[in-house]
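The same chain A turns up in both complexes below, where it pairs with chain B and then with chain C.
Then we have the complex of A and B:
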């Protein structure tokens, strides 16, 4: 049995800092407001975090492989608009696979540019953010998209339905999280992603086909974005062209909060889920405590900085950076 | 012509060549396709183009020195909005009511100070905690935007001061006030980066941080100064723009960081730091605005602009890499 020393406690606090912070928040908010831990409130929070959460799962893969994806927001707008438009033209059974195929194509383009052409992922996805936004506007002609017959379609089941007493978005979010968590932690493919993100050169020399791994990560990200678009479209049955605008950075904030390093090679699906839930519960808790809605952004800012600071301070063993 | 000269020339002159191509294309295509019979290369049109590129351009100049330094700043859009609110709101504060039009310089000063303080905060966190600037400014982008919304909810903040509007709309030697501020900011920052110790050290830090530290350069203060400069410039951009429009929405400035970074990258500055040029960034800003105006001129929808700029950005990145690989034998991984 390992000895419990001051240093080991410090390491534990640093490593599980985000989980501890999460528990502290939950306890604090529960004392502040009785309704906070009520089942319907908890369900409501998870449900409203589901769209952001699903996207964060995919971005976690991309970040672990050592890249960034800033295009997920506008890609989500794209898939929402496309599925709403095709719903009335083809019917839902065909619209959903068609939308997934189109979104995966976008993911493949990014994966090709970053993986095979080895272009900087920040700039590529920045360019794609702008390009996909233009594509969405061209597709819709700039108009809002609405399903004509909102009552008579089963399409709303993804965003609004319940199964076994649990809202479908929660089931899809947690189901996808479980699936991707297993892929990342328990399969050879998952190990290759960590290897590529941790040390790309070493991974190449050990025979891992790096371009293919990176492409796969972007495809997974695109798949998650398409799922998020489906949830969004099904929840509102109508949408603006800019529905996902700005989400890319919030998603990234959740992933970073979960402890994934932007340098690649570290992070887990479980921690990302915690990051997503922290963002959701903070927003909800601050509202219940009576702070105004926008205070959550300021609190999120402070938490992101503290979480990352704690993480790297633990790694270097000193609180302040060695920068002169 | 020795080898390497062509690629150097292409890299240095690329953005200006691109601007010439754009001008030629839109002039010729404009003849055929434009709905109006005004020429594209009209003097008024070009003057307007400079004025319209000022808000993004002033920030882009600051982003160039941040990126030369090896950092990035995602919070400029939120800083822009917060400075605008301080500018417009402070003019209505009761303590300044006796000042008459002298409230204008006071409001300008307060707004610019806001920008400097926010920038200093970013820089200080980057310096003392050692967190990557991308993460720090991603967080403060959310935080500053939260402050903007907390100030006045979702309502616009408005105050029109006609003396100020007259000043902002004035033309001096043909150029608009905003254009003068853009040119001034470009000139001053060019001087700082090319003729002062701070500029030389900023290049050195971005190029090889370890070597810079070994050479006795204090990395932290330089980074912090650069963040203060970009905060100042983001506020200056807001001050120039909102002096004229007089009303700011809490969403204003959203995605500015992305437009700014696009302009800087088009101008040839490397994300990895150590290289980049203020003048080329100026070219990048003009090129983007020219593209927007030109596409509008030939009757393309605004959505096409996003599509085209996105693809050009990726194409530039690809070409740049091809040229670089030929220059040095890179380890192929």
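Then we have the complex of A and C:
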């Protein structure tokens, strides 16, 4: 019989902490509110997590390559506003590709600065967070954006439609997750991302063009953000120009919750999807037990801290250590 | 075959530190199995053993990080129980670690007294006293910097002196050096050895852990050997030789004799003409034939690694030509070099050679992952086939291809890197410091492997700072000094004296390759 000691409990909590916390939360919520596990509520949580989830898929690529992307929130606002504006000017068929192209340009700028000029990704994307926010406000003239003819457009299909009885946002989230999951796990490109994030110098010494890999990761992140912007715009057919504000932290929380290390080189798309769902259920549960919506910001931060702490604790095998 | 030899001289003085029958077991492993030895005042006592022999565990027991299951530690006459490195220090047992742990932004004095700065009233630091005390210690070490110097501005060797100064703030009875010369130049080693001699003269007992035989025989009085956690005996340095020590360490005899090729050499695989790279190296010319090993020997900073990095596309040459199989090539990146058939097994295995978070297989196939495709996906079957092939031919010991490379021993890690490049079938294989940080047993295997590769027709360039190694594996030896190729020795011409003269810049008769 294995001995149960204080140290072994500590190790277990360190390794499985996120899951333990999640199970405790779920049990607590279920007792507190019967509706928590009702099918409508579960479907609702997944549906409302879809936009955040799509963004988290892209950020997973960036984090595995050893970098950060804090610009995704304000980039999502940009995509949403642009596609809504162009919808009335060009029609949806042209507006969507035009919006994707513009968003990818932003991703390319970040990828160039981080990959080729080797600037610190925290600084670059924090700066881009602010710069893109300014860009969005300039573009919209500070006003909110609305589609004029809300009834007569097929554009609403992405955010509001159903296919085979499943909401389109969920299908797009899971479809994109499957596609990107395969890219990451099975292709040479995916392998190179892990190598660059795990040890960039060794990757270079193996002939991998590190700048190109990093640029590609930011392009994938921008593509995901554009998709999220499309879903957001299509769902509401109108938007404030700060719609994505603060999402960057939630996205990062989901990715870290899934177990991707901020040091790079580890994480999977599947785990990120789990992280997104955990975050979604916790936020939903807190609402159901009657916590104010705004308390979520605090909770998200607590979850990030907990996840980062447990990530480090799992590496050193105990919760507290005198050395890092 | 435990042997114990003690000279009359050392038997007379009372030991400053004595270990008696230390046993330490971990689940499934008997890491230390009855280790006993002692250190007398004024003695340099070498502790040797292959990686995994138990040296680190023993040091952790001494430093109080592990508690021994059996046996005792005596400081002077008194049995002690160590609970932490700080407590060991208060008993006069001080460690100089291989990896320096200094605060670069602070001054020398602040580092020396880190955590125990002299205080005045209200907790203010007594700077005057701090600097005075530090300078007093520095004077003993005869170093060329003072207490107010910022540690980050010092060379690695001088930073090590700061560590030593830290040790001298207490009344040290025994000082333990762990691979102290790993990153020092020859000149810096001389200074370190002087300091050790001074400590010796003051009656301090010294434990000196090192893999380097030359140093061991130069400065130590006795040598204790561990193998597989067991104490294998203590030899008096004057009365033994390298062969005997090696045998004790690995339990068999090691052949380190010269080893020139007997097979026919093929075509010229790579030729370098007048290659220069800024101030790093100038006008270097040489050629390597298929089936030949060209050794590059010289001091750290002589430009050897920089030549390798230039050939591998990590640096841009400022002048000169590189010809692979008679054809001039222009190399701007490692992927260019790889495409031209040039491979580099880099100097720093963990930083440059491997992605420690990836599996053995994924590391081995990394440079060709783009070519191993089945449709859009990585052909995992082909990858496993490559891994299996080189695991067998290089005798890589790993539970399987899924094993993370970070969990392998140094020798096996190095074989993964070598396998990675062999699987690319290179025209030229450059190996930079192939056995750095690898234990003696695995070293011999790597040397044999390099000779084998030459016999199979590979053109190999070996860069090494260890003369026995470069003599053992090379057909010809290029001696570098301060960015210049001084002379290329054929296997008939080469002598230890000639090599030393050439790498010290003494030989002027430069012979083109």
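What to note about this one:
Simple rule for what comes next: the second predicted complex is superposed on the first by the 266 of 324 C-alpha atoms of A that agree within 3 Å, B and C clash if a C-alpha of one lies under 4 Å from a C-alpha of the other, contacts with A are read in each partner's own complex, and residues count from 1 in each chain.
Keep this in mind: contacts are C-beta pairs under 8 Å (C-beta built on N, C-alpha and C of every residue); 3 or more make two chains touch, one makes a residue touch a chain.
Keep in mind the model is a prediction, meaning the values are calculated, not measured.
By the touch criterion defined above, A:250 reaches chain B but does not reach chain C.
Once the two complexes are overlaid on the shared chain, A:198 sits against chain C while remaining clear of chain B.
Counted by residues of chain A touched, the larger count belongs to B, out of chain B and chain C. Within the superposed three-chain model, A:186 lies in touch with chain C and out of touch with chain B [touch as defined at top].
Legend: residue contacts after superposition of the two complexes on their common chain; A:113 is shown touching chain B, with no touch to chain C. After overlaying the two complexes on the shared chain, residue contacts for A:129 are found with chain B alone; chain C is out of touch.
Of the two partner chains placed around the shared chain by superposition, neither chain B nor chain C is touched by A:84. By the touch criterion defined above, A:209 lies against chain C but remains apart from chain B after alignment on the C-alpha atoms of chain A.
Put simply, chain A uses residues 201, 204 to touch chain B in one complex and chain C in the other. The part of chain C that touches chain A in the complex is made up of residues 312, 314, 333-335, 337-338, 344, 346, 351-358, 362, 366-367, 369-370, 372-373, 376-378, 420. Only residues 182, 186-188, 191-192, 194-195, 198-199, 201-209, 265-266 of chain A touch chain C when the two sit together in their complex. Note for the complex: chain A touches chain B at residues 70, 113, 117-120, 122-124, 126-138, 142, 200-201, 204, 210, 245-246, 249-250, 252-253, 256, 262, 292-298, 300-302, 304-305, 308-309, 312-313, 316, 320-324.
Here chain B touches chain A in the complex through residues 74, 125, 127-132, 134-136, 138-147, 149-150, 153, 213, 218-220, 223, 254-255, 258, 261-262, 265, 271, 301-314, 317-318, 321, 331, 333, going by the rule given at the top.
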